[in-house]
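Below, subunit A partners subunit B and then partners subunit C, in two separate complexes.
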Partner chain A sequence: MIESLLAGVDLALRVDTFIWISGGLLLGMLMGALPGFTTSMGMSVLVPISFLVGDPLIGIPFLIGVYKGGIYGGSVPAILISMPGTGASIATVFDGHALTKKGKSRKALEMSLFASAISDFLSDIFTLVMIIPVAAIVLGFGPPEIAAVMFLSLVIIAVTATGPVIKGLIMLCLGVWVGFVGADPFSAMARYSFGTSELYDGFHLIPILIGLFALPEIFNAVKEGDMPGSSVASFVGERLRLDELKNSLRTIFRSTLIGTGIGVIPGLGQPIAAMMGYIAAKNSSKHPETYGKGELDGVAGAEAANNAVNGPTLVPLLTLGIPGDAVTALLLGAFMMQGLRPGPTLLTSSGDIVFGILIAMVLANVLFVAIGYVTIPFFARVVTIKKSLLIPVTIMLAFAGTYLARGNPFDIVTLIGFGLIGIAARQAKFDVAPMVMGFILGRELEYTFGQTLALAGDNWIRFALTERIGMTAVVLATPVIGLLLGRRMAYFRKRALERENGDVL
Partner chain B sequence: MKAWASKLAATIKAACPALLFTLVWFGLLASDSAAQYPDKPITLITPFAAGGSSDLTARVFTTYLSQYLGQPMLIKLVPGQAGQKGTLEATQATPDGYTLIFNDNFRDQLHQYTFLNDYYDTLEDLVAVARINYGQIAIIVRSDGLYQTWADLEADARARPGQVLFSHSGLWAALFVPAQQIMRALDLRFRMVPYRGGGPAKAALMAGDVSFSMAFPATIAADIEANTVRVLATAGTERTLEGVPSFVEIGLPPNAGYIHRIVLAPRGIPEDRLAVLRNAFADLQANEDYQAAMRQLGENTAYLDGAEYEADRIEHSLEFRDLVEAIAGTLRLQ
Partner chain C sequence: MSHLEADVKFTAVVLVLAVLALVFGGWLIAEPPIPLGPDILAMSPKVFPTLILAGTALVASIFLITKCRNGTLFVAGSVGEGERVGGTMYRQILFVFITVTCALLLTTLGFLTTMFLLMASTSLLVGNRGVFQIIAISLILPLSFYVIVTHVLRTALPEIDFIERALVPILRLLPSV
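This part shows the complex of A and B:
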């Protein structure tokens, strides 16, 4: 194995490989930054290029560059115009956009870039070193364990939402219910579709994201008007200082661990990782009340976690031939077209090429920082546009992005509907994040729970107690964790309130 | 200076671009009616999600097909509603040869009987341009599992009806349908566990969560080599793997367990345009690069001309209708 690792180093250190990675990173960042254009869509358009070049050490690193760039690129519209392009950048909106409103968009973008690149680098090294030992663990996570983790995540998200727990729970349940609309995954019978073919497939994530996060922001901006004195969005702000990055290193490392753990398990994905990274950062902070109001550490927590997922998703793909999501399914195709068959024999039959690709992936992070750093001034300048221009452009992006995602006119209606819900929720001081996460996780929970029931058959008590101890343990631990976290959050809220009152007095 | 002259000059100057534009426009229109089809890019609707094996197959053949058509073929992903959304869009498209659809036989020949679909009838609304290729499903178990042969599995399933676990890739899809055909032909009952796609269904088998599954040979080549997976039977009348019985040998219908990938056009497409398309796909078969790319994907290139495939379409569709009618009542119980 060591020989193929060394041979891989040899293979990876090629100028053309790095030129192609750079191209992939740049394309990925642009696509990620375009709302509605998801990383998997971008990659599927670019797959033919990767197989036409006919060299696995160019074609696949190119696609991996697109993947990395895309997940980071999604944070750009999230920070600048409160428009998460994909589920991965939901948690980035909270503090990222608050920083932009304070005129610190450049700081936020740079934090996002460095957090992404550092965590990507560390998780790639983890992938490279641990690919063989970790592969054995992956199969231990079946639908029952994933269902239990989903359940735990939902509870954590509800109790840690901003505002009272009851409001978080209401929004969470609403989101879960919205996820029920459409054909039920087991019998394909329509639910809440009112006999229309549009709702048969349920709601799509992109219009919900843009509707709930971006439209209320636009509405607010219009309501405030273009006051000459308060043209907050007229400057880009300072650069990120080294001590600020140092302060967030703990958060970045923590989120890297979370993201890596989630990435290894097929079927969890970036949205959960980012949310958990953010919540963990907030929970372990000495001043959690500043989160959501423009806290650099919040951006770091979310962005480090979602990029840390990227590398480890390759573990089940390369060692077992099992793609966990659309992106890894595309990579599976790309590997096969280069004559490499992901699966148990890949590392023994073409270990040098695989390690070459993995090493190129690790080194790509250096380019990642460089390219990202060069492009930030261009992106950041977006918000220097006058508000009277920025608002129409943002509205256009919201609608075009929604339509672009799958070319369905009905999604525009969905966008407007969820926009109204978002505006109402903001007026009533409800946090929309639990609703979105409820929507994303509720569907998954339903599906994996249904699979669990099918697996368990009639004797589910025996199933839960003898075959799936892990699942049972997580489910039993969930109320305890929820209660403890909820108390902690309540304490912080109380303290923050006292402090505010103290300031007034 | 004469005012009218300068006015005239100005008018002409202003009119020139408009005139030019009009001329070019008419020129384009004229060329449109006179030119050879196709004179603009062709849209290929694919009702699959990005990244699946069907998406990849489409990206391979569209890449090489353009040189035979003289125009690019652009893929438009329209996923959703188990493929019905894209299929619906294709059936409603103008039959001018500029909108085609890439589908599989389940979406083309079976789904209209299952989801209470009143919107279209693929057999009436679409006509086959070419069958790109086909795949034969294999019944797979873990090498270190209980079953050495299909007979072992069948005996166990008979002894414990509804207890033997089977992982499939989704309702009415490539793994689900053959399993239903097996249950019907051999009077067996498996416990069907759904997964999102063939990859997770295979993972469930490898993890030991289910007793058996199915897969297309390309996706398990590495596992067979590493001896982690054993194949118990493969679809068709003939044996495709040494020492492994075919579906017909174990008592299944000869058409069970096949996936066909087909390009179709809205019916009503002019005959000459349909001929152009069919010829392009026929010519594509001689392209070495296309053949090599498909081999890399582990896919065959068993091409069949659309005219020939039409008869198969109707025959298979009737078989599927039988199957759906026979088992529709039992589905709720699983």
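This part shows the complex of A and C:
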């Protein structure tokens, strides 16, 4: 694996990789800075573009650039117009917008940039260091262990989805069911294909992702109509001083630790990390009363925590093939389109490429600071762009991207079908992320479970109790863990909401 | 005037589909031929779908029963809601109709014509009233995208012969990549 790491260094240091990462960062910042444009929507329409460039060392880093840029970009409207560009920037609003009201928006935006870049860099290093031992452990996993881990992940994803746990479970089951359409992995017999060859091949991931994430956003924009661009966005005040950044370093490091820990666990994601980072910064402050009234540390705490999630989400994705959230599900789709199958054997089969991508991701943070610093004034103006100019472009990219992924007209029908499901789910306040996870992991779970049964032979009860007792323990513990986690999350969300409404954090 | 909550309608549809799929599982899932019987296959193709569908039906039923017990199956409509909803509902239905139509016509009308129709109508529905702006966006962007994809990335997008032939002289003027 060390040889792969060294080979990855060679592969990562390419000019074209850095050009595409820069493009990804710019596009991500643009998407994040536009209120109403989510990172997952932007990435979903850009996944097929990453495939068209043909080289995983260009396409995947490009998408990682979009991811990083998007999470940071969300802080721009949060600070300037009190409207988080992405869910990850909810906590940035509290102090970021207060700073804008005081005429210090430039300081807030620069603090957001530096906190994001520092935490992103540190958490990427953690990812690079952690992935080797985790991959070594996972390499020893057989079908029973993988099936158990997948089951555990599915339950965690369902209970940590937005909204009540039961809604997450319904969407998860729906996703797993959709994954069964097509040939059975063992006998190749048709399931739910109605005699058509298109359905026999099963649904392709890309139209599902674009349909579930992009079309409901466009539909929502149509529903709301065009809102006049904000005229209050302003980029004013003094620059951030070095001593101010130094004073916030402790907060940035603390939030980096929080974000990194959350990133490794599938299903939690940036909004929770940002909220926890912000609360931790406030609780450990000597002057907590200044929080919510324009405290630079508040911006640093929230932004460092949400960006620190980005890298570590790749640990379960690359080693186990488990996407932690919607964005990593899109990255999984991008990996699969490039012929790379995330899972226990990825690092042994394509280690050099994976390490190349990870090293490019670490180095991208330098570009992140440079591009972010130069373009802050531009993105401060972006928040004023009307939706009516951007929504048509998004719908064109959604259609074209879906078609270009495989050149199959049936994918366009799939796009519309899942778009309608996404729209209905959004109207009914169901989170679509568990459905995507269910679709991706359900078939894998079935396959590994079938392999486990085959290994067990006739005497599978004895097999489970004696040889795979660890797996049985995990499987039995999962519902309990899931329920506890669900209650905990509900409590946390309720508390966060109460605090937000009461303006007392 | 009260009506069913959106999440109740969504869950009810999921429940009905799950029950139908369970009932008609025998028709919807092909049986493996006899040589691939239980002695060879570790698991029948029906096992996992049946488990998941039963789980779906159970969870959806629990959700609906809970809503029913809490008395939150219905939501009360407010005075004047009809007029407010009417405008947005009209735009939403039109958007769905246009999107579905364009999806079905993509291969027949070609990428550029379909995208012009889709982008122009979406612009109008989102609220853009600048005719020149709409035409410019709906013409120039798909054309630029088409040129990049076909000329630079060497990938095909569906297009009718007439337009493809018309674009050849323009593409020839571009430097080869």
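Just so it is clear, the second predicted complex is superposed on the first by the 274 of 505 C-alpha atoms of A that agree within 3 Å, B and C clash if a C-alpha of one lies under 4 Å from a C-alpha of the other, contacts with A are read in each partner's own complex, and residues count from 1 in each chain.
Please note the rule applied: a residue touches a chain if its C-beta (ideal position, glycine included) is under 8 Å from a C-beta of that chain, and two chains touch if they have at least 3 such contacts.
Since we're looking at a predicted model, the values are computed, not measured.
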item	value
Which of subunit B and subunit C A:Leu420 touches, first, second, both or neither	second
First (subunit B), second (subunit C), both or neither touched by A:Thr345	first
Touched partner set for A:Val47, first subunit B, second subunit C, both or neither	first
First (subunit B), second (subunit C), both or neither touched by A:Ala454	both
First, second, both or neither for A:Gly407, with subunit B first and subunit C second	both
Which superposed partner A:Gly140 touches (first subunit B, second subunit C, both, neither)	first
Which superposed partner A:Ile322 touches (first subunit B, second subunit C, both, neither)	first
Contacts of A:Val176 with subunit B and subunit C, given as first, second, both or neither	second
Which of subunit B and subunit C A:Leu389 touches, first, second, both or neither	second
Shared subunit A contacts, counted only where both subunit B and subunit C touch the same residue	52, 186-187, 407, 450-451, 454
Complex contact set, residues of subunit A against subunit B	40-41, 43-44, 47-48, 51-52, 139-140, 142-143, 183, 185-188, 197, 200-201, 266-267, 316, 320-324, 326-327, 329-330, 332-333, 336-339, 341-346, 406-408, 447, 450-451, 454-455, 457
Interfacial residue positions of subunit B with respect to subunit A in the complex	49-53, 55-56, 59-60, 63, 76-82, 84-85, 88, 114-115, 119, 163, 165, 171-172, 191-197, 199-200, 202-204, 206-210, 218-219, 221-223, 225-226, 228, 293, 296-298, 331-332
Interfacial residue positions of subunit C with respect to subunit A in the complex	5-7, 9-11, 13-14, 18, 21, 28-32, 36, 41-43, 45, 48-49, 52-53, 55-56, 59-60, 62-63, 66, 88, 91-92, 95-96, 99-100, 102-104, 106-107, 111, 114-115, 118-120, 122-123, 125-128, 133, 137-138, 141-142, 145, 149, 153, 155-158
Subunit C partner contacts - residues on subunit A that touch it in the complex	52-53, 166-167, 169-170, 173-174, 176-177, 180, 184, 186-187, 189-192, 194, 215, 218-219, 221-223, 225-226, 386-389, 391-393, 395-396, 399-400, 403-404, 407, 409, 412-413, 415-416, 419-420, 423-425, 427-430, 442, 446, 449-451, 453-454
